[in-house]
Amino acid sequence: MTKDYRAECADVDARVGALFKAAPAAMKPYSQLVSAVSGDKALSGKVKELMALSISIAIRCEDCIVFHLRAALQHGATREETIETISVAIEMGGGPSVVYGSRALAALDALTE
Amino acid sequence: MTKDYRAECADVDARVGALFKAAPAAMKPYSQLVSAVSGDKALSGKVKELMALSISIAIRCEDCIVFHLRAALQHGATREETIETISVAIEMGGGPSVVYGSRALAALDALTE
Amino acid sequence: MTKDYRAECADVDARVGALFKAAPAAMKPYSQLVSAVSGDKALSGKVKELMALSISIAIRCEDCIVFHLRAALQHGATREETIETISVAIEMGGGPSVVYGSRALAALDALTE
Amino acid sequence: MTKDYRAECADVDARVGALFKAAPAAMKPYSQLVSAVSGDKALSGKVKELMALSISIAIRCEDCIVFHLRAALQHGATREETIETISVAIEMGGGPSVVYGSRALAALDALTE
Amino acid sequence: MTKDYRAECADVDARVGALFKAAPAAMKPYSQLVSAVSGDKALSGKVKELMALSISIAIRCEDCIVFHLRAALQHGATREETIETISVAIEMGGGPSVVYGSRALAALDALTE
Amino acid sequence: MTKDYRAECADVDARVGALFKAAPAAMKPYSQLVSAVSGDKALSGKVKELMALSISIAIRCEDCIVFHLRAALQHGATREETIETISVAIEMGGGPSVVYGSRALAALDALTE
């Protein structure tokens, strides 16, 4: 029952890529929004990806968890920073954030091993 | 990791059928509510199923996506109408609606191939 | 305790206008997304605004209800179409959509009297 | 800034009454669903209204809090039972359930003084 | 496609156990919160677990459904009480609670057979 | 219609204080959870409060917005950092995060003038 989070990453990429082709009118400006938010400005790109991860856990979106966890790791987020991000989600989301936070931790282990 | 959306449809039907038997007191009036909302009135049944699909994406309910996508297709919804429905969900739901919209698109491909 | 929905419209406009000035990097592409989704294509602009209204009710966002209800009315949505939109939200959202749907109805009355 | 929860109750009743008149096709079966769920069966009506209250807090629906709190009180729910219901919501909803739970407590004080 | 809910229980336990080890600073007080809410006080532990189950269905958290359903059964909840709990969730959550309620019923069958 | 966000802060404090007295069994461990998550560790307290703010906007909890915005400001968050936090919420929440983000901006102006 242990999920294969590397395969999940590839699956999200493939699906979102297909959506980009099918719905370019909406996806192009959405991508520009993502680009505009990313990058080091007043807040670092790393912090903003961890922020997006905390939201992903709090709203219980597993695809989003995998997507933003990977991005945070690419920005250099550490294991300890990721765990504190999960903790903020638990403060803001209670039990459901515990179980989705546990999925984020499993994905962290899978993507960094 | 690609989901089998035809099997998912059958699974939802089986589960909801079992719930209908187990909880008829709640499910009978709920079914009447569904019937009352469906059908061509001021809005067409097709538009209302697409509306339910847009809500399903926005609230991240995969069973609901499959269920209302199938119903919309049965009402004659086209691929282009479905994609615009996904786009409205993205406007209203951001990134999480992108990933759940990508699931709706994958289901659309599976149910119409 | 009856809300002044015309004033609420003006308040949303003022607040979102201020956000546009404060956060243009995010708001410009978001506005382009909104424009890309709007307009008559496979689905009419009216249907897509009603769809956004149904999502607004289902997710309990009162500012969104006011905003998309007004837009739907500007696209020519009728009272009966709006009420059917509320009904779809109730099918998808139960009791909370009843109470937020009742707010949409009150706003409909206020904006069309 | 203290809310008048008795007036809020009356306002919800008036709005939902207006919706019932405007959308009877959806509201009649929904009302039958509510009736079917209510009443003393395997679980008491009181417990089921407290359950609905816990959901209302967890999903941050203030109209729902007022509505189901009043119904729970009419079924004989005590102050201590209501507070434990708020506590379950906090376990399941974290900080947002703390602040909406605090609204439920304020409404409890207002409706029982 | 039928889910193995016993395996899901074990998977949730393993993941949450790993999170406890990784994030003890957040998980210890959260566990104390859970303990404080549990137990027979003004409301029975059984009723409070069913309440948590109703919230889990209404917010569409499958891990939470499995977790609190098992706990409710351990507190002696009956099949009929569980079904009424699902019904309250449907009243409060509409269609999405129908499909997640159907998952709760499937889990109930799996955990009690 | 412009909200008085300083009064809202005081109102949240008063309500949560009353809940603490009414439900100490749940609120004491919850407060310990909040304390454990706060403070400068792998992530700064400021970043974690901004994270909680981003979640508050994404889930549409106005009391939470006011509460965590004030805490972020007390940790030294700048206007620009707050605006980027709102932008992450918009990426993750679409239109509803635009309108709740506009409330966060209005509260920022009110609490810092």
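Should a chain be cited, it is by its letter among A, B, C, D, E and F, assigned in written order, with residues numbered from 1 in that chain.
Here is the rule we use: a contact is a pair of C-beta atoms (placed from the backbone, for glycine too) under 8 Å apart; a residue touches a chain by one contact, two chains touch by 3 or more.
Nothing here was measured: the structure is a model prediction, and the numbers come from that model.
Interface equivalence for C-D, evaluated over D-F, D-E or B-F, points to D-F, where over half of the contact pairs coincide by residue number.
Here chain D and chain F face each other with different sets of residues for the most part; under half of the interface numbers are shared between them.
Of all chains, the one whose Cα centroid sits at the greatest distance from that of chain E is C. Each chain gets one centre point, the mean of its Cα atoms, and the points for chain A and chain D are 35 Å apart. Chain B and chain C have centres, each the mean of its CA atoms, that are 21 Å apart. Between the CA-based centres of chain A and chain B the separation comes to 25 Å, rounded to the whole angstrom. Each chain gets one centre point, the mean of its Cα atoms, and the points for chain A and chain C are 29 Å apart. Of all residues in chain F, those that touch two or more other chains are 25-26, 30, 33-34, 36-37, 52, 56, 59-60, 64, 83, 87, 90-96.
Residues 4, 7-8, 10-12, 15-16, 18-19, 22-23, 25-27, 30, 34, 52, 56, 59-61, 63-64, 67 of chain F are the ones that touch chain D when the two sit in their complex. Remark: chain D residues 90-97 touch chain A in the complex. Those residues of chain E that touch chain B in the complex are listed here as 1-2, 60, 83, 86-87, 90-91, 94-96, 98-103, 105-106, 109.
Taken together, the chain C residues at the contact with chain A in this complex read 25-26, 28-30, 32-33, 35-37. The part of chain D that touches chain E in the complex is made up of residues 33-34, 36-37, 41-43, 47-48, 50-52, 54-56, 58-59, 64, 78, 80-81, 83-85, 87-93.
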